[in-house]
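Sending over a structure as structure tokens; questions will come in a sec.
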Amino acid sequence: MTLDPVVLFFLLGVGARLARSDLRLPDALYETLSIYLLLAIGLKGGVELARQDLWSLLPVAFTAFLLSATIPLIAFPLLRGPVGLPRADAASIAAHYGSVSVVTFAVAQSVLARAGVEAPPEFAVLVAIMEAPGIVVGILLARGLSGGQGPAAGWGVLLHDALFGKAVYLLLGGLLIGALVGEAGMAPLRPLFGDLFRGALALFLLEMGLVAGGRLGDLRRAGPRLVAFGLLAPLLFGAIGLGAGLALGLGAGGVTLLATLAASASYIAAPAAMRVAVPEANPALSIGAALGVTFPFNVTIGVGLYLWLAQRLTS
Amino acid sequence: MEKHPRKLLVVITEAAIEKAVVQDARRLGAHGYTASAVRGGGLQGEREGAWEADRSVELKIVCGRDTAERIAEHLLAAYAPHYAMTVWLADVQVFRAEKF
Amino acid sequence: MTLDPVVLFFLLGVGARLARSDLRLPDALYETLSIYLLLAIGLKGGVELARQDLWSLLPVAFTAFLLSATIPLIAFPLLRGPVGLPRADAASIAAHYGSVSVVTFAVAQSVLARAGVEAPPEFAVLVAIMEAPGIVVGILLARGLSGGQGPAAGWGVLLHDALFGKAVYLLLGGLLIGALVGEAGMAPLRPLFGDLFRGALALFLLEMGLVAGGRLGDLRRAGPRLVAFGLLAPLLFGAIGLGAGLALGLGAGGVTLLATLAASASYIAAPAAMRVAVPEANPALSIGAALGVTFPFNVTIGVGLYLWLAQRLTS
Amino acid sequence: MEKHPRKLLVVITEAAIEKAVVQDARRLGAHGYTASAVRGGGLQGEREGAWEADRSVELKIVCGRDTAERIAEHLLAAYAPHYAMTVWLADVQVFRAEKF
Amino acid sequence: MTLDPVVLFFLLGVGARLARSDLRLPDALYETLSIYLLLAIGLKGGVELARQDLWSLLPVAFTAFLLSATIPLIAFPLLRGPVGLPRADAASIAAHYGSVSVVTFAVAQSVLARAGVEAPPEFAVLVAIMEAPGIVVGILLARGLSGGQGPAAGWGVLLHDALFGKAVYLLLGGLLIGALVGEAGMAPLRPLFGDLFRGALALFLLEMGLVAGGRLGDLRRAGPRLVAFGLLAPLLFGAIGLGAGLALGLGAGGVTLLATLAASASYIAAPAAMRVAVPEANPALSIGAALGVTFPFNVTIGVGLYLWLAQRLTS
Amino acid sequence: MEKHPRKLLVVITEAAIEKAVVQDARRLGAHGYTASAVRGGGLQGEREGAWEADRSVELKIVCGRDTAERIAEHLLAAYAPHYAMTVWLADVQVFRAEKF
């Protein structure tokens, strides 16, 4: 199987940094693409969501919530012990892995589409559900035990930012609009939000490659143990997500998406939240691991692996 | 027209804390501020502004000397230990004393 | 009838502001979308225009011109008297309502398309025709009587800016190119300027929602009488436009478009022009009314109402 | 290298009048200017720059003291009553006296 | 034959400047479109390249390389003698004409598509091949003889920038990805990188028109002899490219593309490189000629002429 | 908090040489810099920043007096003859002496 072209764009971005090319994407394009991807994923999911019996989604939604809240509790001791990081850093990184990466989710959708495996688009709602719990648990890990005071910025602010931060807001907004207008109502928006999706994802991955390639220096400073964590964490958390998906009786597509979400680490919502909530954590470490190791691993190898396993284990 | 001496406080820091810094400055007596997107490099490495966590902002605040020093000291104490931050003061002259 | 998804995007933007979300669209996206919409509307109109007997359009063009020049004369005494504003503010707001909103026009086209009502695309030329007269009359109202001196920036500058300002220039440019290349020549541009139109309009309305939501504070300061004006003005001027359309014997689509143009208030050309020509007018008032009240009213209720009436009255 | 004292005039105002302000400054003796897009807040409320009417610009002009004061006084008289505008002066040193 | 709409967009941009319109395209749009065009041209070429016997392309690749290296040697004495420019300026301008304009290439593809003439998309690789040699020769002309010292910035830097500068990097990256994933793999990216190409090119030409229109002042200062050079150079170098294409036995499409590349002058890579390598050259002269004269000539008249000649001479 | 006098060096020049200028400044002793995109006009005409060759950048460097003058003199000698460039110095006060 050849690589998804979308992944090749990521490598093209990394390569540009390694080759010290002057290639940069304008900030506005980066922002536009991330707004677009969130809306597009939401709209598509919403159309599907309106067709579903919402109650039937409850088990997987609840599982996803639990996964996001539990993963930091597993990651934290690993980061404290074997990796040997201070509390604040360990908690911050744990939060990143509890939360999720919407672009990794989009890549998984793309990989499933290429493989001809049905991917439930309504799982987009899981991205919104899994964004915040991991972050909250991460903050608790950093703060709760070290004297009991709350996060630097106050819980109210953080909760608000988690719910109304642009990522969750656009995703939920897209879901809602998609559900309200349905398949037929969406038709005039499809050329933009449907047909262009894969191309836009490719461009965004080019940008992610540029960003990730620029963090490789952070990685060197972070040391080999954090790099190892960045490679093993998606395997471990992906396996947990995979198991949860199988236990819920999902199809191969659903299992793959759940495994991918569990395996993915946030690099949009979590960095912003942790920067404000746990200022003493070094962002170079968490971003280096999430964006420099885990994200590339997932998009190049991980997602394909989860799909392969899901197909073996569901048939 | 008569000129009045004031201080210009310049703060270059992470975009993530722009809102908090502006709020603090207002609370400590600033009547206004001007913000612009910047890139740069310093002790904490290069900040290219290519994506969210990497964005920097330059804030300029013109105010009285005491206010400026109060704000600067607060920011340095509250944020500089954990955030990329550069702060300086300069002397400026304004025309409308009551505005600053 | 469910809401047009395009309108839901507007509400999503307003909601983001009310919920104090950090959602912002990059400036460059806003500018790009407004350039795109103007060109797309122009190109589509131009292709149609080339097919028409231009003389047959003259009556509606002349009517549109008169509407734009007359509406400020009706708005001004209402704003001076019942609303109780100073001369400069009343004149500035009157100019906004004499001029037109190209995005409201685009929403009307979208609503007509959804309803399966034929909308004459060549009416795009009316947008260009109606942009400037209202502004000129507004400036005369502010200046002409208060000592007779011209606008702060000189008539020459203002006239030039009205004709070659980017809105009118792009619209006329699009019309011209569309007319020159015709249906067949436009084919290779259709994927960008045709198929993506509705999606781009949705994104632009998201941005307009963000901007309008951010002006709600201005409204509170402006007081209830200006808000009432913002709600009644589109009904009044829409009715005049509707009557004019019926008198001209237009079809339901044409009547709806003319009513919409009359009912709409400018928030691009007029604010810029009035800022320069009548600096003593407070822009928060005119923009608050035009963008905070009339625009939302038109896109959510007004346009549908004009269509409903147009269908009743033309059949 | 020899240094020459000059004034830096900083003007923060609405983008709508940038062209007019630059024209006036040139007419009153400025040899050059530098402009950049900014956001900010002051007496007239927040200016976020999200769309046309809300955009602000910062203009910097280095010139002789008299020129600087002449420009500042003209701008404050002509525009400040009706436009969001902030103006200040600062002392700077330049190397090429003839340029400013 | 009516004008290609794409060319009308260029004229619209020029007209905006001449009319002193405030129309500007955001920087980010300009950058995004240039990244997009390079990738799109590369991807399309790459898909085709993978289908070809690479050896069979060698002759035309080698010819293209030679053309790029030779053209400055012809341009330089013309610019020194008849045009009467100092060495640095003559060398810098010569470099611009040795290098190529990717947008002119794209316009030629568009013209060929409209005319129903088959255009070999794999010729995109020639754009990458012809970018650098002309620049290197231009630098040698400026430096080599005037004391023998290297370019101001060092050869290493310049060579690196030529190979990994964003233009060549994106073009080669697109070619590589296109070749790796092939026709089928590209399918999901086609709505963005294929269908929208002509529309995006039109928008980019609008921007180029704005830029070119803004350089007309430079032209006046440059004098009539440089303007004459800007008009004759594409005819001369286009004829050489045409001859080379005929000698290689290419079809009408291939001949037209090679002539266009030879006739075109760089206004992205070359200006940047010459600014750094030959700082004493006045950029207003080279950009005025390349962008103010030759580019407009090529897109409005030149390309059509090369095609007309190619059709006559290959049939 | 104690304040320390430093120099602010402002350099406005073509974006094409930003990298080179920053490298030179670092080599000559600058510990950091801040960059932002600007437009402007001066002796070499208008630079609107509409495309690559027309882009300008403003660099700010806070450092000691000697360093500032060394950098300024080097830049003026190395680049000003052939590039659009404007340079000035201003006095500022910083709080963390060791940082600059």
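Letters A, B, C, D, E and F mark the chains as written, and numbering starts fresh at 1 in each.
Rule of thumb we're sticking to: contacts are C-beta pairs under 8 Å (C-beta built on N, C-alpha and C of every residue); 3 or more make two chains touch, one makes a residue touch a chain.
As the structure is a prediction and not an experimental result, all values here were calculated from the model.
J.: Show me the overlap between the contact partners of subunit C and those of subunit D.
T.: Of all the chains present, none is in contact with both subunit C and subunit D.
J.: What's the call on subunit B versus subunit D, same or different interface residues, using the half cut on shared numbers?
T.: Different-residue interface.
J.: Find the chain most remote from subunit C, comparing centres computed as mean CA coordinates.
T.: Relative to subunit C, the chain whose C-alpha centre sits farthest away is F.
J.: Based on mean C-alpha positions, I'd like to know which chain lies farthest from subunit B.
T.: Max centre-to-centre separation from subunit B belongs to E.
J.: Looking only at C-beta pairs in contact, point me to the busier pair out of D-F and A-B.
T.: Between the two chain pairs, D-F has more contacting C-beta pairs.
J.: Determine the centre-to-centre distance between subunit A and subunit E, using the mean Cα coordinates as centres, and give it in whole Å.
T.: That pair's centroid distance is 41 Å.
J.: What's the distance between the Cα centroids of subunit B and subunit F, rounded to whole Å?
T.: Roughly 19 Å separates the two chain centres.
J.: Using mean CA coordinates as chain centres, what's the subunit A-subunit D distance in Å?
T.: So the centroids are 45 Å from each other.
J.: Of all residues in subunit A, which are in touch with two or more distinct other chains?
T.: 24-28, 191, 196
J.: For subunit B, what residues touch not just one other chain but two or more?
T.: 36-37, 90-91
J.: Let me make sure I understand the interfaces: which chain pairs count as touching?
T.: So, checking each combination of chains, I get A-B, A-C, A-E, B-D, B-F, C-D, C-E, D-F, E-F as the touching pairs.
J.: Which part of subunit A faces subunit E closely enough to touch in the complex?
T.: Subunit A residues touching subunit E: 2-5, 8-9, 12, 15-16, 19-29, 110, 113-114, 191, 195-196, 198-200, 202-203.
J.: Residues of subunit B touching subunit D in their complex?
T.: Contact set of subunit B toward subunit D: 1, 3, 6, 8, 22, 31-36, 62, 90-96, 99.
J.: Give every residue of subunit A touching subunit C within the complex, in rising order.
T.: Interface residues on the subunit A side: 26-28, 31-32, 35-36, 160-161, 164-166, 169-170, 173, 176-177, 180-182, 185-186, 188-193, 196.
J.: Subunit C touches which residues of subunit D in the complex?
T.: 14, 16-17, 20, 37, 45, 48-55, 79, 81-83
J.: Which residues of subunit C touch subunit D once you look at their complex with the stated criterion?
T.: The contact residues of subunit C facing subunit D are 24-25, 27, 30, 153, 207, 210-211, 214, 267-268, 271-272, 275-276, 279-280, 283-284, 287.
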